[in-house]
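Shared between the two complexes below is chain A, which has chain B as its partner in the first and chain C in the second.
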Partner chain A sequence: MSSTHAATVTGSLPATAPAGIAALATKALTIGAIGIGLTIAGLFVSGGAKVAYSWLVGLTFWTGIAIGMLFLVMIHHIVDASWSTVIRRQFEHGLAAFKWLGLLFIPLVAAALYDKQLVWKWFDPAFDLAKVGGTGTVGEDILWVKKAGLLNPTFFVGATVVSFLIWIWLSARLRKASFTQDFDGDLKWTSHNRTTAAFGLALTALTMTLSIIFWVKSLDYHFFSTMYGVWYFAGCIRAALSAGVIIMVWLYLRGDYKGILNNNHLHSIGQLIFAFTVFWAYITFSQYFLIWNANIPEETFWYSLREINNSDGVPNQWKWVGLFLLFGHFFLPFLTLIHYRVKLSKTWMPRIAFYIAFVFLIDLIYNVWPSKKNELGDPLPFLAVHQLWTITAVIGIGGVCVWAYLKSFPTAKLIPIRDPRINESLTHHE
Partner chain B sequence: MPAQPHGLIATFDTVPDVYHAAEQVRDAGYKSWDCITPFPIHGLDKAMGLGRSKVPRFSFVGGVIGFTTGMSLIWWTGAVDYPLVVGGKPYFSPMFAFPVAYELTILFTAFATIGGMLFLNGLPMHYHPVLKSDQIMRGLDDKFLIVIDARDPKFNLTATKALLEKAGGKDVSELEA
Partner chain C sequence: MSHASEHVAAPAILKEVNPAHFPRATLVENNRSFGWITDKICGIIEGKTPTWWWVCFILACFVASFTVIGITYLVATGVGVWGHANPVNWAWDIVNFVFWIGIGHAGTLISAILCLLRQKWRTSINRAAEAMTIFAVVCAGIFPVFHVGRVWFAWYLFPIPNSNVIWQNFRSPLEWDVFAVSTYGTVSVLFWYVGLLPDLAILRDRFLAAGNKVRSALYGFFALGWRGSNRHWSNYEMAYLILAGVSTPLVLSVHTIVSFDFAVSLLPGWHTTIFPPYFVAGAIFSGFGMVLTLMLPLRAIYRLEDLITQYHIDCMCKIVLATGTIVGYAYGVEFFIAWYGSNPYEGFAFINRAFGHYAWAYWIMISCNVITPQFFWFKKVRENIWFVWVLSIFVNVGMWFERFVIIVTSLARDFLPSSWGYYSPSIVEIFTFFGTFGVFSVLFLLFIRFLPVMPMAELKAVTPQADPHAGHDHP
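And then the complex of A and B:
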């Protein structure tokens, strides 16, 4: 079991941080600070309500990647996977971002509790729906009254706090067991992680679904969709796999992964991205199709306002964003990744990975922003000054996440050298 | 025995033997030949100089035919042959045709993949001259065989035999056609 092969490969690993990582971490944190600073400056340009939406997009984007990584690590353990052992360590480092993401969530929730009409309008039952093209108040709206048992600030805060605590706790368990095994090579850590994965997958699936329902779906609390959690799951996994590809190729080009990464690792992760591209399309289409077919106003409004204005029925910008998602988030990656040679290319795979992560962001913007309506009930346009703060928020939160990853990077071996599957992974073949 | 045999068959004892022998046969420029091994040997396809499988092309064509069949089926039945208003929906929309088209894409892709694989492998094949070899049963058990067909343009009874022997082949013998 114990791996002479792995030992030779990693024998030259420096005990301290590989050169340049510390400097890179500082750079990431600086970029993050600048992004956050610019987003704060945005408060004075576009106002709190819009910047809060931007911040929400940034948070759901990066938390989504972290959740995806958490799922991938746990799926690796629960199915006793072998090939992904070399990349699993990088996902484990990525999980270090959870506590910072939780911290960055606090200002948003605090602001929403301070000004209850700011983000999630149902925080305040006295919210005047005329401000978003409706009539009466939230408290008089039967669709809120019936959902009020779940959609209230107490539950929102509770679900968000509990979700983050569970994610942070699971991450800590998975990381500790994996990192400790590097030193003692004890097989108990592998079964320990398998146990964590067994209950962790169920816990993460539930908390992720609840969180995205609260954070994004409830922005338009009329909406019904049983696909919502699964939709977010698909996006999270795609983005996390994309981050995995970027990290793999980055480490290869840096030299760390030379002799570790082979073509079949890229091929396998490419196949997974391809599979989840189809899965995303299946879920997203199913949501659209069922709503289109049933034609119930409480559901169709959600897509209607993403196609035409509520006031005059004129197509709005979101129609083109929706079409871009259809062609850009499905057809383009599908027709590209279907080729064997593309999946092996260290040039193309990172490009496709960056692109998929970018379109995941567009997908989130498409889900979040049209819920921000003017007094006619029309969604604010896609292209506007306030979208600048979405970009700065993504950069700001991203800088912190990348910094958390890079800070964790030198604290463990490059690959889990004493994992029982490491030899299989190093010699991974088709 | 007829003047021209079906080909030559050689036996090898170990995986590295047959692997390196395959490289030599490949480098000698032979195209019409094969290895018979009791289990799959990783990398042997490269050692033999084989390219990627052509099955995916069949799969793709099957998928496209499946998708168009599904779409046309719903369009023809719903909008042309027997138009009925159902649920206030148009006679035809790709929306409700999609589940059918999608399922047929998968079904036809699967058919084309299986069919394409059988076709490219020349299956079903009820008889092959190697079945007459004394070694064939060992080749399914604990030996490794290389068969070079006589129809290969480079085939030359003496030279090919010499090549197989030089590559480490044992019991190099002619296969009855």
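And then the complex of A and C:
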């Protein structure tokens, strides 16, 4: 396929970045460096294991947003979407964070390999389970022995590396084709990205599932749930859509998106966030309900730990975090976004988006941190000094991701000016 | 939040916008006029009943009689005439119920969700898909009603105070099914009926103009006095949108509850957390399969190629491909977690599915549900109508086998080898199930003979001439 306009090369990239972007990128990197520095300082306060858990939360949070953006870009291409064309470019910039996230994973994996008892206890079969309220060692635990072929450091590192390579490769393909089309207007890039999306969606679904099993679910390697990959997917999409809202409104307020963004874009993305709010609740409820109802100890222990202490059965802080997720991650956004006026508001939508991204973080903390137990088998509390390092890790990694986005921002046109659906997007209406 | 920046001038980038030319497919081909669409759809009802219709109708009635025979024998004798025996005490009855309810869910799901997603191509398939839903729910309902044995006590399923003080177990998903399916059936009929109103009025007026007062009165009665006024259309659009909004969570909840029938149990092979979304994906998959199976012959017989275009077929094939792949993902994750969970019973259940006595059923399921849709990657396949039709039948077959594999293979191998068994259906079960295809066909044939198979007003709204921009890009 070739465009009838293919010969027309329109415009060129600005010689310098749009006003303020370079300075903002520097600020983001500085904040990132401070966040990382503070997290490193946490090593001397709380020790390596707790900081590693914090770092893991930060990585799964920002990688989740990037994965969500990757899914959204590919879904856009595969369904030949129109209204989201003006937003897609910002997601494409967001994909630039993958390689940095991959790099930021290295210290965690290196630390886990250096001290094999640091994070994933199954890294070391000699791990004494008495340290976490159990008996014997990991190597003597039949539930690890059965899955030792998968749960070992080699496979973990391999799966993580392969996953990041696939995400980086897919991102590069999608970005290159989209950015190039701005100049040559060739339809072959639309077709190219549709093809990438077709196999990329399957590849991303598989690698995302495998990654979250390794990174988070295997922290408690006794636990299993077929829903886990879908749960992470739901969270990633919600967080990525929220990031999209924040970026769109920010660009609008800067003036860049004036005349580009209209209320219907916000309304449509608000509807998507609403739909995925329901989807997240559906997935999370189904997982909880089926485990609660069957009441099989080999599954219920995971939720019990997030409600009562293992040692004395006294309710712990995680019970309230769980209840907060129920009301805060479902009912509140659901009841807010159900009103169409809210979805049209450039004041309310970014606030809701920030809130949803924040609760996605709480959801990840809820999944990660209770796996860190004391010698009685009780989870460490939610509110404690170590949570400071989660905050600094999120800020640190976030600073790098925002910097990567802002560095990518001036490398392409503000919107995909030669995309065949750009006019449909610019005039998006009910 | 400051609004000072609201006054910033529009960015210069807008002057550079110059989209590549890639027109969207037209949803009504050959520039057909509004009048042509009305004549085409109404012509199916107004014309003389074709011979093929009578042949099919008589054949369908004959096939449906098998269900009547099967049920009559069952009621006269007892449920012992079915092939159930320890440990498989639940088999074709629930398999067939879930098979039909899956198809039944898909129709409204297709119609409502595509409506909410503003997918205009739905207009050519939604009416038939909604009809399919209702008829499939009718077929599905036969099995739970008659599997209670003494069918005259089936009303005990509802919480109606009675002299025996028999009360339902509200903690059972089977009881939730009763409420969910009956609510769903009601809303589906309403959704379908509301959509029919403008078209029934068109038929009323056309029969009146043709001098057929009886049929005009009949259609007029059901058209509820529709005159096509602005106020009518306004109320209609709002009602339709609300019903679409209500139907969407309802349909998801119904198939979720059907998945709970199994997943809440402790049985290896049934108790798995991914069942709810996996069942919903399967319902969409089988629904589109059935829509293709029904619509492609209809398209050929009534020469509806301008209304059900290659683009529509492409879209449906791609959704079958996507949902089939999601179902494949669920099969894979289930198998993987059966191993990862390290529960020997769970592991055995899955190994047994793939390599045990029912391996033939498992591999039919995999072939039909995972491999078959992969053909739809190829444009040449999607453009070969015969091939698409045959593949759509494979999808239907595969989805029946999915339910058979889940239900029967999990029960047939109990925890103790001394309790193992092998289930084979009795002739009564075969008759009953076979006949439901006749029941479904009879209803569908009556639908295409007496009701408009496509929503005429909605079709007209997606024609190129209805587009105020006449298909041109606009800045």
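Before moving on, here are some points about what is shown:
As a working rule, the second predicted complex is superposed on the first by the 415 of 430 C-alpha atoms of A that agree within 3 Å, B and C clash if a C-alpha of one lies under 4 Å from a C-alpha of the other, contacts with A are read in each partner's own complex, and residues count from 1 in each chain.
Methods note: a contact is a pair of C-beta atoms (placed from the backbone, for glycine too) under 8 Å apart; a residue touches a chain by one contact, two chains touch by 3 or more.
As the structure is a computational prediction, the values presented were derived from the model and not from experiment.
In the three-chain model built by superposing on chain A, chain B clashes with chain C. Shared-chain residue A:181: touches chain C; no touch with chain B. Between chain B and chain C, it is C that contacts the larger number of residues in chain A.
When the two complexes are overlaid on their common chain A, residue A:429 makes contact with chain B while staying clear of chain C.
Using the contact criterion defined above for the overlaid structures, shared-chain residue A:230 touches chain C, although it does not reach chain B. By the touch criterion stated above, A:150 is placed in contact with chain C alone, chain B being left untouched.
Within the superposed three-chain model, A:258 lies in touch with chain C and out of touch with chain B [touch as defined at top]. In the superposed model, A:340 makes contact with chain B only, not with chain C. When the shared chain is aligned, no partner comes close enough to touch A:328: not chain B, not chain C. Legend: residue contacts after superposition of the two complexes on their common chain; A:293 is shown touching both chain B and chain C.
The single stretch of chain B with clashing C-alpha atoms against chain C, selected from 3-11, 111-119, 129-137 or 147-155, is 111-119.
In the three-chain superposition model, chain A touches both chain B and chain C at residues 293.
The part of chain C that touches chain A in the complex is made up of residues 1-2, 5-6, 8-11, 13-14, 16-22, 24, 249, 252, 256, 260, 263-266, 271-277, 325, 329-330, 333-334, 337, 339-343, 377, 473-475. Listing the residues of chain A that touch chain C in their complex gives 1, 3-6, 8, 10-11, 80, 142-143, 146-147, 150, 181, 185-187, 190, 198, 202, 205-206, 209, 213, 224-227, 229-230, 252-260, 278, 282-283, 286-287, 290-291, 293-294, 296, 298, 346-347, 350, 413-415, 417-424, 426-427.
Per the touch definition, chain A reaches chain B in the complex via residues 285, 289, 292-293, 295, 338, 340, 429. Across the complex, chain A is touched by residues 42-43, 52, 56, 60, 87-89, 95-96, 98-99 of chain B.
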